[in-house]
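Have a look at these structures, which come just after this line.
Look at the two complexes coming up: subunit A is in both, with subunit B in one and subunit C in the other.
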Partner chain A sequence: MNLPGSGILVRVSRSAEMDHVIAETATMRLVKMAVLAFQLAGCEYQPPVGDQTCLGYLPRVADSSQGTLHAPSSLQPQSSQRPIGFSPSSSSGRPPPSSPSPDDFAHLPSPPYNVARDSPRLAALHARLSLPTRFPVETLQRCLVDASADPSPDFNNASLALLGGDLLAYHVAEHVLCRYPRLPMAVLFAAQYAYVGPAVLSQLRQEWGVELAAAPGGEVDPGLLVALRVEPGTDLSRRVGTGRPNEEKHNWRRGMPSRIVYDDEFGDLKGRAASLVKSPPPGGSDGASTLPVSEPTPVTVEEASTSFVRAVVGAMYLHCGRISTLRFIYNHVLSRALDFSSLFSFTSPRRDLVRLCDREDFDPPVARLISETGRHSRHPVFVVGIYSGRDKLGEGAGGSLNEARTRAAVAALKGWYLYSPMEVTVPSSVEGSDKDKKWIPNYVDPGEVIV
Partner chain B sequence: MPVSAIRTITKNQNGVGAFILQCKRIDFHYCDWEGSSKGMRSFLRSRLADFARANPAIEINVSPRPRKQPILRGVYVNGRDKQICVRNMEPTQIIKKCELLRDASGEPLRRDTKPVKSINESVRGVWSPYHGAQFKI
Partner chain C sequence: MGGVSRAGADAYAAAPAPGAADHVVFNPPSAAPSVHHTPLKFLPRQDRRRRELLAAAAAAGATEPGRAAAAVEQPSTPLAAARGQGAGGVAGGAEGTASRTPAPAPLLPPTLRREDPNYRRKYHLTRAQVDEMRRLRLEDGHEWTRGALARRFGCSETFVGIVVRNPERGEAHRKMLEDAYRRWGRKKREAKEDRLRRRETWVRDL
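And then the complex of A and B:
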């Protein structure tokens, strides 16, 4: 019944049969990723032997360059405790396979250094950050290993992050302090937090296109940030190891002077969250076994991102030197936009202004009405200026006389605190061999108004 | 407390200082057999290496997708992605699509009614009726 109106259409033709046969017998292969890594040409710089960034990958280069580089075996990292991937110097004696499967590294806590060169993700990150060729991808891979994933200091980024954190804090502090010498301490902490705080470094990690691995392990892609994350719902408010004398009194007030002495560069408590630090087992007085070094503490994504960005800066300093690091910090951190006047919060600006004028021997501030409209209407507007003698210190507009006067006082105080010298010489710009730059001392302010 | 501080974070201005290419990965999917992938297969053989070499900041993944149309998928640092179907396209057309993915920011397309955007305060300031010469009748 193969009629056009019957609804049954059977196509019998030679080409249809052939198409069908070919379609059925198409060679099916396993779906696999083909990876193109062109980006690695010219990145063959090796750090000096004994350098703390030397990861022990010198023998590999020595093999490829017919023995021109010979690293003494005593300077290699102690790989006896732990196999480092397929190192040619391992005692097994077999030649390294050309493409080891990632499952071979599943027993390691973090990816081994010698897979770093095969990762297109890592190479793309290297190129995306415009890192110089002297910055090896192996070190970049080490920067991506948090101490919570791999407790061994030879393979995690803790040492690099310590150096990079100090460099970032110093350069941001001198940048802010020299440009705004009158900033109060609280605002200085807030500015430091705004430039290199954990929140902004975490965002920087995201903007650099770095993703986190789900869980640490040797088989993960070397281009992913590896960290052991905290369980959701963990209480992170109480901290231990802060260095403060009465740290168990967690609700005590912390004043500014004590923050300068005890706390970190943002005025926050040092130390770790109390719920994450494993308390030593009771009665554990049996010597070295109670040392909390080998037990990895989980971290938040923000902490892992912070240590990654800091480690990149630290590694930059070690491999590429001071000038490159300064440029890197300027390009990625200091070039971001920050409105300093939005950092202030005054509780009693008029009183502060009176104290300031008293301290600086100005005439006492007087508020005068400059202009007004619609005093008896629904929306009056008053423009009030604050004068000291004949000088107008600030001006503000508001819906009531009181509001306008307060706004004027805030404007006057911000005008004082946000003074910025025209010419600034930051101390780090005259360091080193740059002789043609002359040190011009910066303005130093007596400090904020104490009420 | 004479003055306290409000915590905020700095705002990224990509290109002021460092420039980060927003496209971080392009996936190329093709089929070994279908005719719609003919141009894509030719592109992968002849043009992709040059494209990858010219754009080292982009991770390039090539994988077969049997019996499906060939597609390009760009992944961006803001977490979004953009797919383009390149069926029946010539290699010259595909390279145009690759450049489109490379140059995109990853943000969804939207119509810009105001061509200039700035986070800086206006230099001229906001006009105020209470300042300057007052109009008198």
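And then the complex of A and C:
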């Protein structure tokens, strides 16, 4: 199946259908802001323009139509200078919005928030993604600033990407596991990778029409993704900060149970490439290393794209709420076609099937010849069915009896693993105040076949 | 997969006149069954499709619930005729099946040559026999190969491999194979590599 907008994105084989988002011109008007409790505890806050998370950059504007800022005095000094991760020569802070010459911002690591509203690129991207008007353009611009370009957690997208990544991983896992409750763990990892893996999110970034700036800086167009890129030819194979107890043994086998415990939602190693990290963190904790780092570590285009798309989802959740985020994730991620039957690969399907029939107390599987043609010719075709008792479990055709039997066993195992219940109630669909939706427990399987 | 029966030519003959519109002829073209159609046996007990498949199978006149007669197994087809004559004929690989086991119910196709539908694992070996197996294999690996031990103790070669491994013998065998591979020419080597590559597509279902 080769659908438009698809590529070889995943480890086994799959194709993803591009979701055609209807681009419509968004009306840009004054933004109604939400106050983030975790950022501004106990402070009543109505920012005049821009993202409320950009508190440090907010100039005090006297114009009352732009809103007012009520912040505790401890937060006030931040409005005049850049908090952390900033070169000393640029301690004068952001210039006022009345002088929007790009060269004035060359000393900044990333474009300032107040040029976002004038950027045609950002407005076009906002419209192309059909983002609601509650999603401010300034936040969209912040989503485009990778942590490698601007190390300050107040201005880069690391926190939004963390939230968005968790949301994406949760909703994909929920979507997949409720519909296919018997999937083996390896297939679940592959499905996660097929939906929200770095390669797929990178392609999503391309489909959204977001391009990368050549190098980070304050003077670049705010509609470009800014990231400090790795040098070509850098060795990215070994990783540090994985959280594994023996991470220096990089060639050790990683079994499925340890992948569940230590690794990310795709069963891949966490952390960063060892050649990029100057001094690896002693604790090896991954989550902390991405937030406040003093020295930026370069990233690949794929990593930067991943954090951008995740940050958009995270910002969507903060500004527009759960329902809009669910719809956004469904429109852009979960609506893509994924052929689950192509994600499987068995090493010994017939033995697995015997174990399965043992476990489920079925009759042992027996291969039976359903039909055949040309046994003594150069191209015979055999159709073999695997039967348990009198029930056919799977059927396969092949050029030899052995091939047909193996294919039939694979088909039988897939028939088991790809069972999909008729009624599915994903947990997130009954969250909130929907009184009409009733929670019906989903089918839970005893687990995959362990040989 | 299970429960869906193709209508034969007689379904057309039995189709009512165009005036009576409440009749659907379901006669799809031949195709491999979809793996997304879970077999009846694999459906959980509470699944609604289970009841419907059982009802459909009963309506199709199957002798047993959950088992609809495939078109090729209809009594008038050559396959059924060949099976009726016993071994040989079309299903040449099924010789000996009838003599070894009582013939299955007439609707089931013949088994493959090496498959015994009544085979059950025996779990008959005692600890002393396993120790004996281990001793023989380690003492004289050339004489007591896996196959020889499997024949003597009435178990599978895989089980012998689980019980004991003779590293010297394995190394010698590997070396022998490597020497043989080294003598191969380009054609033979590529043919072997192609075969291995094709075999990978079996389990990937490509």
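One rule holds in what follows: the second predicted complex is superposed on the first by the 343 of 451 C-alpha atoms of A that agree within 3 Å, B and C clash if a C-alpha of one lies under 4 Å from a C-alpha of the other, contacts with A are read in each partner's own complex, and residues count from 1 in each chain.
The working rule: a contact is a pair of C-beta atoms (placed from the backbone, for glycine too) under 8 Å apart; a residue touches a chain by one contact, two chains touch by 3 or more.
Quantities reported herein were computed from a predicted structural model and do not represent experimental measurements.
In the superposed pair of complexes, A:Gly394 makes contact with subunit C only, with no contact to subunit B. Once the two complexes are overlaid on the shared chain, A:Phe362 sits against subunit C while remaining clear of subunit B.
Applying the stated contact rule after C-alpha superposition, one finds that A:Glu403 touches subunit C and leaves subunit B untouched.
By the touch criterion stated above, A:Gly385 is placed in contact with subunit C alone, subunit B being left untouched.
By the touch criterion defined above, A:Tyr262 reaches neither subunit B nor subunit C.
Legend: residue contacts after superposition of the two complexes on their common chain; A:Ser335 is shown touching subunit B, with no touch to subunit C. Contacts of A:Met422 after superposition on the shared chain: subunit C is touched, whereas subunit B is not.
In the superposition on chain A, contact of A:Val449 is made with subunit B only, not with subunit C. Comparing subunit B with subunit C, more residues of subunit A are touched by B. When the two structures are aligned on the shared chain, A:Thr347 is found in touch with subunit B and with subunit C.
Residues 342, 344-347, 370-372, 397 of subunit A contact both subunit B in one complex and subunit C in the other.
Against subunit C, in their complex, subunit A makes its touches with residues 12-13, 341-342, 344-347, 349, 362, 364, 366-372, 375, 384-385, 387-398, 401, 403, 405-407, 410-412, 414-416, 418-422, 443. Put simply, subunit A touches subunit B in their complex at residues 23, 26-29, 31-36, 38-39, 120-121, 123-124, 127-130, 184, 186-187, 189-190, 193-195, 197, 199-200, 203, 206-209, 223, 330-338, 342-348, 352, 355, 370-373, 381, 383, 397, 413, 417, 448-451.
Across the complex, subunit B meets subunit A through its residues 1-14, 16-18, 20-21, 24-25, 32-33, 48-49, 52-53, 56-66, 77, 119, 128-131. The touching residues of subunit C, counted against subunit A in their complex, run 1-2, 32-33, 35-44, 46-49, 64, 66-67, 70, 72-73, 79, 90-94, 105, 107-113, 115-117, 119-120, 199, 202-206.
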